[in-house]
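Each in structure tokens, the structures are laid out below.
Here subunit A shows up in two complexes: once beside subunit B, once beside subunit C.
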Partner chain A sequence: MDNMTRRVFAGAAALAALGVVTGAAAQQPVKIGVIYPLSGNSASAGNYSKMAIEVGADVVNNGNAELAKIMPIAKGGGLSGLGGAKIQLIFADNQGTPAAGQNQALRLISEEKVAAIIGAYQSGITVTASAIAERHGIPFLTAESVAANLTERGFKWFFRTTPVAIDFARAYSTFLREQKAAGQKVGSVALVHENTEYGNSVASVIAEQFAKDGLPVTQKIAYSANSSDVQPQVLQLKEKNPDVAIFISYTSDAILYTKTMKELGWKPAIMIADNAGFNDPAFVKSLGGSVEGLVNRSTFAGGKPGSVPELFNELYKKKTGGDSLDDVSARGLQGFLVMADAINRAGSTDPAKIRDALKATNLPASQMVTGYEGVKFDDKGQNILASTLITQMRGGQYVAIWPKDRATAQIVLPYKGW
Partner chain B sequence: MKRYLFPGVVLVLAYPLLAAGYPVWERLGALVLLAAIGASAWNIVGGYAGQVSVGHAVFFGFGAYSAVVVYTHLGWPPIAGAPIGMLLSVAVAAVIGVPTLRLSGHYFSMATIAVAELVRVLSSTSEFLGGAQGLTGPAMPRTVFDLSFLSATPFYYIFLAVLAFLLGLTWWIERGRMGFYLRAIKDSERAARSLGVSAGRYKLYAYMLSGAFTSLAGSLYLCMFGFVDPESGFGILISVKMVVMAALGGAGQLFGPLVGALILVPLEELSNSYLGGRGAGLTFVVYGAIIVIIARFLPSGLLSLFERRSAKPAAKSEIASGHAD
Partner chain C sequence: MTLVQVIVSGLLLGAVYALFSSGLTLIWGMMNVVNFAHGDFVMLGMYTAVVIWTALGGGPFAAVPAAAIVIATLGVLSYFLLVRHIMRGPMLAQILGTFGLALFLRYAAFWTFGADFKTLPDTLIGGSFTLGGIRFEGSRVLAGVGGLLITLLLHLILTRTSVGSRMLAVSEDATAAQLMGIRPQRMQALAWAMAGAATGIAGALIATFFYTSPTVGETLAILAFVTVSFGGFGSVLGALVAGLIIGVVESLSAYLIGPVYKDVVVYVLFVLVLWFRPQGLMGKA
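== the complex of A and B ==
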């Protein structure tokens, strides 16, 4: 028995020694924490984003020949700046509550010893999770939370790649002024928005930007998203007959407006929808044919063959079994790629070096999965090159029409509708 | 029961020393105590008086919002909002309680849910309360009064002090006239009334006291997490968790809610930590299954284990409950 024990110990010691040797030879993986809603109300968005980021990590770790021609980080073999260290993703579920988000951030930092964190989808959860990262001095990057105050907290470890309301307003404004220059009439603009936080805030940001740029907002119509009848609102529009109508709506009201406008036979020359309801797959499937020529926004709308968005989309489709990247999952993937690039340049898992590398980030538009002009952070951590693509409904799906260098189709005006 | 008290107290006081150096465990201790404050506050009206409120999130939310509002609009440290929240909650409890406490059984529960949902919806349209986006506490601590600590240990002792005070108060009430009145009302309100107990008045007292301390739990939550929106302040899950915790440990017993919190909070946190990242919603399956098992085999709460044993000292202790401690 004694002998036996000794032999077992000797064997174990030998194995352990072997482990130490091989461990020293291969680079330690770099851990990146990812906090997403993997259960609860937003679980669907969270799980799609999780898969998108897994695709990104796979490209960094194992390489992709086509992508490597455009972005150096896709050469494969891990992070070259860290001697080929692989990226290891540690996912955590925020359960849709600010408390769980913060608890998980602490766990990722203190137990998993992650080098940086990406997350957390819902703005309220990004608030609490990033506060913990800030106190522990760990870089935190949000790829999709848009609440304006996130970058106003004076944080030193916080970065945001996604565009926010003001970026969308600027895109609409530039787009419309270009149409005006091309001879389209944009003498009057109507803003039709649902009356909670989302609709109110986006509408007021657009109104402010348009006033600055000399685009006349002549009509503002606020309505309740769960009203069952929008005839009065459409009649108001019909009476004033604005050249441009911008709709900031959720799904059921988007459906209602589309049907009511068809019934009452009114349409503007340019109809713009602010993502949300008009982008809902349910809306596109059932009413895509009734809004031919509808202008919309999205940070993702496919891309030309051989471009970064197109290549990533193909990889993603393979992983999900057919689902394409969408506005949310593409932004998540973009955030991850920015983080991977920064860690690679930092050449270290030291949080302070990663933060400095993030600050020095300067990625060109050609390397973007999303429709950003690139990635470059200001002092507050906001990506100043964040932008959006403008899309148009063509034969049941949205295609990118603006900006011109990333458009896959020519714009067709006026709005055709049904 | 009593013989567990002393080692229990020592363990609770020394816990941060055991968890020192493991931030997740330090925090877990604080989270258990915070949940226990809320559930113990609920226990006064829900357990002792038997009025099962499923709308205590109203008070929790008032506490959390009071704390963040004094910061946002006045620049005070959030904790300064706690007494305001408690006063407001007492007033609100009186306003809600007078009509709803006349309802009996599940009608009362339904009314409390309705009120909580109403407040949640209203809060999401109020610009003063930050609307649907919610309000954020101090991002970085300005003074020590902002209670913004790197470690959870200071929170642990703050929560422990509050919980000790609350349990002391409950113990005092339990042994006094009001405690007897409440138990009498719980057993049979009609019988209690016929014996001259002013049932309506004492239910209302219990409700107001319960609301005040639930509100305090909300303020402390805000100090720790630094953010509240309508869902995390007034959401129905907050009310439900208080009920489940108290029921699981033993409603109407002094240490019942604490025992419930001791089981449920670590279960929730650990299952999320180890299963949540896979994204299959496994956390809630495990969490739910354990609640179902406890509810099935120990319907009067975990504390009933100890009671059963002390009630039958002669019986051999290797009965089914033997392995549970």
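== the complex of A and C ==
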């Protein structure tokens, strides 16, 4: 008998002794399957997300007074819609392979009899795991897989809370147009991107969005991420001298660009990095001081005291012994909270009812751990309120500067660099 | 003006290519062994510099000699523990032997240093200066000039000293050399030590402007192999000339045509050279 069941039985026995047994005490826990990479290459991301979701389940099951003021689901005592049923998380390791992810989805559904599944971090594994859920008619929610095709498969049981490339492009566009209105020059934009799936797709989505919004992309530089040298690219930039440069890069190339721009003495008035390499803790630690004022994106950037992100971050730090929520773990936690809310509203563990409740989800920005405008799904299951925060490098760390209502610091332009 | 800057950057880059290729070409010239672990020797030279520089606060003047000594020792150990034995085996054993060494070193680095990218802090050689409108960066100039000097020094040792003559004698005919009183194993170990020292210095100099990670050897090794076969296997001077040509061609084509095409241009040129001169620019036929 595990701890959870023991506690439930003990509670039930106590209540029975007091003669106040109601339907609530007899409620079975609601099982939610969670598929993550708990071993293999991405194990560190998977394990951090696991801890974030455990914090979320603890808040739903046992309550948190501060959070309860903002989000009803945090008032404790389990899911009120199911007579106080507790949430039981069943974790499954996808081992970083699509085949293992598929097997785990099958096991969760047929043996563990979960009501819904969350996962699976890597887009390629979400593809196979969600296909099993679709076949068995179990709701599947991904909180972090961004591959565009996931929501283009015509699935009826699939939901995605994370923002995707188009959301980032819109955020950059709105941000830049606001800067323009404030008197900043944004007459020419350079897109510098590595030339695999990630860099190419993000760059073309940005270029399309900017064309629609009247922001002129005057220079596009594609390069290979494992280049040994980026001096010619920086010289091309220096020659055209665009007002804005957007870098879509992995870690090694982010390091080379940062160093080479400093060597050759060129910087744009606004420099934007599309997360990835420029967010690598190794990059921030060693080169944070050389990119002061760099604009970046993140779905998580702490928050004001007493806000949902701040309160959850404190709980998370207590659990991990000091580590803060980051972009990935915060998105995972957000996905779990959306699922818990839907099951609560469904008032049942019937998968069809949970799916209908997910479809009817409408959560406001104030209840978000991440920087989303809220959560509301379209017909394909994509969260149309998913959005990103824009951050800026200040004294060695990123702080939220946009949108204004969630900013923790003022924007400082032009880009300072080193 | 920008074009001149591109060419200067290319030349400095090329000198570094020459530097980290010279160790590879020396080993080939001496004993007909292609060291597939060469890129990972460079990687360990970079880590040695990073460790001495940051953890021990040694600065560049301690980091460069330290890397030379560490990698020279590694070279000698590799020779006595591995290369000496596999040289008696078939060609395939030699290739897979040093390839296995490469993987061993790479994953040992993962285990020891972690997968994080490391970079050296800016120090006294981190600044840049302008000369006649061209911008020079301290660490790259140091690496470029260091590359030129070390490669020339290696060339002179091989062609102008009695140790060099003895080494060449062993490489041409080990048995005859032995009859003349030269001990082949000692000469071959010396070649591995010299190649290791040059490679260690190359690693330490590159670490001043590049990132260091356990897989960085892969990126650099391909360039070293191209440089060496372009210049002629076994010719240190050939590696120097080839390194400079590749550096400039790469920079110019990236600037004029586009960065994703630069490798195409370099490799087309490479194939053309091998077509007309299979032994490379300065290799013996």
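Heads up, the rule we're going with is that the second predicted complex is superposed on the first by the 393 of 418 C-alpha atoms of A that agree within 3 Å, B and C clash if a C-alpha of one lies under 4 Å from a C-alpha of the other, contacts with A are read in each partner's own complex, and residues count from 1 in each chain.
Here, a contact is a pair of C-beta atoms (placed from the backbone, for glycine too) under 8 Å apart; a residue touches a chain by one contact, two chains touch by 3 or more.
These numbers were taken from a predicted model, which means no experiment stands behind them.
Student: In the superposed model built on subunit A, check whether subunit B and subunit C fit or clash.
Tutor: Superposition result for subunit B and subunit C: fit.
Student: Return first, second, both or neither, reflecting whether A:E239 touches subunit B, subunit C, both chains, or no partner chain.
Tutor: Once the two structures are laid over each other on A, A:E239 reaches subunit C alone.
Student: Go through the superposed model and pick first if A:Q27 touches only subunit B, second if only subunit C, both, or neither.
Tutor: neither
Student: Which partner does A:E111 reach: the first (subunit B), the second (subunit C), both, or neither?
Tutor: A:E111: touches subunit B, not subunit C.
Student: Please indicate which partner A:A222 is in contact with in the superposed arrangement: first for subunit B, second for subunit C, both, or neither.
Tutor: After superposition on chain A, A:A222 lies in contact with subunit C alone.
Student: Return first, second, both or neither, reflecting whether A:L256 touches subunit B, subunit C, both chains, or no partner chain.
Tutor: second
Student: Can A:S307 be said to touch subunit B (first), subunit C (second), both, or neither?
Tutor: neither
Student: Give one of first, second, both or neither to describe whether A:S123 is in contact with subunit B, with subunit C, with both, or with none.
Tutor: first
Student: Is A:Q102 touching the first partner subunit B, the second partner subunit C, both, or neither of them?
Tutor: Touch status of A:Q102: first partner only.
Student: Name the chain, either subunit B or subunit C, that contacts more residues of subunit A.
Tutor: If we count touched residues of subunit A for both partners, the winner is B.
Student: Is A:Q231 contacted by the first partner subunit B, the second partner subunit C, both or neither?
Tutor: Only subunit C is touched by A:Q231; subunit B is not.
Student: In Å, how small is the closest CA gap from subunit B to subunit C once the two complexes are overlaid?
Tutor: Once the two complexes are overlaid, subunit B and subunit C approach no closer than 5 Å between C-alpha atoms.
Student: Note which residues of subunit C are touching subunit A in the complex, please.
Tutor: So the residues of subunit C touching subunit A come out as 2, 5-6, 9, 13, 116-119, 121, 128, 135, 137, 140, 209-211, 213, 216, 218-220, 223, 250-252, 254-255, 258-260, 262-263.
Student: Would you pull the subunit A residues touching subunit C in the complex into a rising list?
Tutor: 195, 221-224, 226-233, 235-236, 238-239, 251-252, 255-256, 259, 263-265, 280-283, 286-287
Student: Write out the stretch or stretches of subunit A touching subunit B in their complex.
Tutor: 36, 38-39, 43, 46-47, 50, 90-93, 95, 97-100, 102-104, 106-107, 109-111, 123-124, 127-128, 131, 134-136, 147, 149, 153-155, 196-198
Student: Any idea which subunit B residues touch subunit A in the complex?
Tutor: For subunit B paired with subunit A, touching residues are 22-24, 27, 31, 124-125, 131-134, 136, 139-140, 148, 150, 221, 225-229, 231-232, 237, 269, 272-273, 276-279, 281, 283-284.
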